[in-house]
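Consider the two complexes below, in which subunit A is the common component and subunit B and subunit C are the respective partners.
The block that comes next holds the complex of A and B.
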């Protein structure tokens, strides 16, 4: 049995616009989309550009839009006789399925780094529960599927930094020994207010990180503490809490 | 100042879903005012608990709620209609403000509406008490069970709120750094469990309010759907 795989082909250096090209690939039990794309790349058209690395959903390199839903190619099994694969359209295209995700690294650098407060007798002691909360966000494999699915990133030209970078900020903000609060900066400089909580980023995350519930909404609430709630602001000032 | 500077751009688009939703609210409010059914045989209509005047604030509590935001942003504003990239009703040609426009900034004040909702909640428990004891003896009727269900769902909805999650521990980075660390941690974990089901409680509590209202209206109209389950002389 063959599978018809439609792959987006576009070389900006020579083509005016891209198109979907159909390839017939022999189906094997348990075949992933990446297996099929690699078959095309190895045996049918070696000019096909595709980025992949670990084949185990750990590196995040093979992110693509499979039947219009952002997914990892290596983690997506082929379950029908036809499948469509395109590049992540939130990022500039390099060629075929490869996109330029450099902008994400610039955004990451714009988030203030971990800034520890006063160490306790030279030793950092942390409650396990506090660390677990922050650790959830460190499971991120930087596949940028959340950035791709976010309609603000894809369609609207705003200063929103995107879900991946909000969880980066949240992972440091919620660290028990960090001394800074990044929520106001997220709100005022990084466009957190543009997120309208439709939770698509959370739905596509291959690591099942609760991006909206555990990072974006808590950061929005922390920003509301600082900007819109004078009582909380006063209490925190008196208590000397960040 | 232009209208575009105040209202979200989505309000100014041809949007039949949004306008029909607003029309539904207007009709609902008109029905409440034109055909008031405040009380029947010990049952107090939930829309009048404690007063009809509180409805706009409770309405704002729900409209600024994170659970409902997802629904109206997707299904009314279509920003986006669904997560898959295509077909999408959203496009770069459509203006988008999120919660940055002057009007939508009200979403940042969700916590204040939550405080009002917390203050209103005891009135529903009082109404339940009245429905059980209005005749001088303890009478459990079908209507009281519906009201009991309603008050439980409302309590779960309010207490699973994201603003309460922030209040009871979401804003803390360190549970071991202060007094009552274990208690604070347990409260936060329990609330987080409720919070996962916030959207479910939001819808169920909305349905239960309407169900109780319709039940009381049916009784007022003479439809005998209520019956006594048990009674105890006090």
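The block that comes next holds the complex of A and C.
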């Protein structure tokens, strides 16, 4: 049995427009979309551009739009006799299935790094319960599927940093020993206000991180508290609730 | 063909744990640093590490200390590990872990709030500091964060194809920017190779795409000898089913947290092979046991054995092994809180690699250093789980220090223009439509390695492999692909095939020469360990031809020898 895989081909350096090209690939039980794409790039057209690395859903390299839904190619099984694969549309195209995601590194740079309070000396102690909240966000494999699906990101005309970077900030904010607060900056500098909590991002996250519920909403609330209700904030700080 | 030129004091090849830790160190010591990586920053093979990092911080078992860790590492490395490197590893690992914590990493905690540690194969005590089963990801993110907020230039998706030397010392390197399809000439005073292992030389491996052994081959081509290349670790438990999941690692933590191995008759066979340590014996022992069960007909229908953790309960499994739960759910449709997993050995780690000076990580070429999986020496004939993450941080930092110190005293050397042109030509020659597709040849090479360089080896098989590898090498002269240099997967395959075939030959030659069974190297024709082979196979490059020599293990000083039970030969 063969699978018909339609792959987006486009080299912006030489082609005016991209197009979907059909390839027939022999089907194997348990085949992933990445397997099929690699079959094409290994044996049919070696110039096909595709980015992957771990093939185990751990590195976040192989993000693409599969039948128009943002997914990891290595984690998506082929379940019918045809499938369409295109690049993420929220990022500039490099070639074929590969996009330029380097802007994300600048965004990561713009988030203040972990800054422990000065009182920390000797062996650090933290409660498992406090650590778990931040650990959820640290499962992020930087696939940027959440950014791809977000309608605000696709508009390209706001300064919103995007869901990945909000959880990055949240992962440090919720570190039990971090001494800063990044919520106001998220709102004022990073356009968090543009997010209207549609939750599409958390629906596509392969790590099932509750991006909107556990990071975006709490950061929005904290920013609101800080801006409109400095007293509550002060009390929280004194009580040690971050 | 045009090229861009960039310059730094220190050039780091690789953005895995070793490369990033080295870059950090070199920068903090005042050197200007460029990091080059074949994959995107943050996606290096290290992100896949699961179980944890071995450090005798003794948070869980108070009796643990560096001496026990030292003894465990030497004994399980079948007495081939270099004592000086092992001593540094076990003494410095705790500080590297605490330092990560100070950089912002969040490890799992003990009830009294300290860093949690778990049991792992052949570690006497519970020693692996961990973050669920995503320890490597946390390490990479923590270092990535640090690097992004420092003045270090990262050039990712650049594949380095050549190291330039000038009169016996380093002058720079040539890279191809994959994203842009342009060549880059790096000029540097010192260079650190931290390009990781070579698992993809085999058909079934837990490793990522980028682990083709490029760095070992680059070093070899620059005249640096390779060491212990026959020592390949087979991890006992990789997925076997379905086809797309074949080889993906099933972390040792599953056994560390209580998982048991069963054959198709339902027997817990490790009771037979290792009554005391059972599932948690060293990797080579468990891998051979599984291999034996399968070859003797007690395997599952997909060619594995069963691994069961369901008795530990759903809540426990979801907290301690979330990645495994997810992996089996999405790749195999199996709920490990209820059902058994099917597993078989998978190629996992290279104990061998670039020969380095134990105390400085320097290689035989002035100004070139190597650290991480690409370097040999620490793990001897078998690596303990968790020791690699310790290795990449301990020796990453060390290489960074010594490379920076070297750079402070050295000057930039001019890179010969004709060398540059020739080296670019070595890559662009593959852009030849009439050439043969490299991928089927690469498949053949992998098949050779899996068939003859597997868990059990013998002279006939190895000789066949050698013959076939040489044939593949001669065919590789005719490979070529169409298209432009930009993000051309086929072009990368051509570059990699050349590297892989060089290494494959060194590996098989070393395996042929080691006429004994020790650690991960098992010869059915020489089933026991031999005193005559207590040493390293060194594969040097003499005018392009591999030449083997043997170097005995350096004797341990008495203060350390006291800590380790004496090696026995039967």
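Going forward, the second predicted complex is superposed on the first by the 224 of 242 C-alpha atoms of A that agree within 3 Å, B and C clash if a C-alpha of one lies under 4 Å from a C-alpha of the other, contacts with A are read in each partner's own complex, and residues count from 1 in each chain.
The rule we apply is simple: a contact is a pair of C-beta atoms (placed from the backbone, for glycine too) under 8 Å apart; a residue touches a chain by one contact, two chains touch by 3 or more.
Everything numeric in this text was worked out from a predicted model, so none of it was measured.
Applying the stated clash criterion after superposition on subunit A shows that subunit B and subunit C can sit side by side. In the superposed model, A:151 lies in contact with subunit B only, and not with subunit C. Once the two complexes are laid over each other on the shared chain, residue contacts for A:113 go to subunit C alone; subunit B is not touched. Judged by the touch definition given at the top, the superposed model places A:127 against both subunit B and subunit C. In the superposition on chain A, contact of A:193 is made with subunit B only, not with subunit C. In the superposed pair of complexes, A:65 makes contact with subunit B only, with no contact to subunit C. Angle at the C-alpha centre of subunit A formed with the centres of subunit B and subunit C, after superposition on chain A: 140°, rounded to the nearest 10. After superposing both complexes on chain A, the closest C-alpha pair between subunit B and subunit C lies 10 Å apart. Overlaid on A, the two complexes show subunit B and subunit C touching the same residues of subunit A, namely 125-127, 175, 178. On the side of subunit A, the complex with subunit C involves touching residues 11, 13-14, 28-32, 34-35, 41-43, 46-61, 74-75, 77, 94-96, 98, 100-101, 105, 108-109, 113-114, 116, 123-128, 131, 134-135, 138-139, 141-142, 172, 175, 178, 208. By the touch criterion given at the top, residues 65, 67-70, 89, 125-127, 129-130, 149, 151-152, 154-158, 160, 173-178, 191, 193-200, 203-204, 213, 217-218, 220-225, 227-229, 232, 242 of subunit A touch subunit B in their complex. Only residues 39-43, 45, 47-48, 98, 101-104, 106-114, 116, 131-132, 134, 137-138, 141, 144-146, 148-149, 154, 179, 208-210, 241-245, 248-249, 322-323, 326-327, 330-332, 437-440, 481-484, 486-491, 493 of subunit C touch subunit A when the two sit together in their complex. Those residues of subunit B lying in contact with subunit A across their complex are 66, 69-70, 73-74, 77, 79-80, 83-86, 88, 90-92, 94, 96-100, 105, 108-111, 162-163, 165-166, 170-171, 173-177, 181, 185, 195-196.
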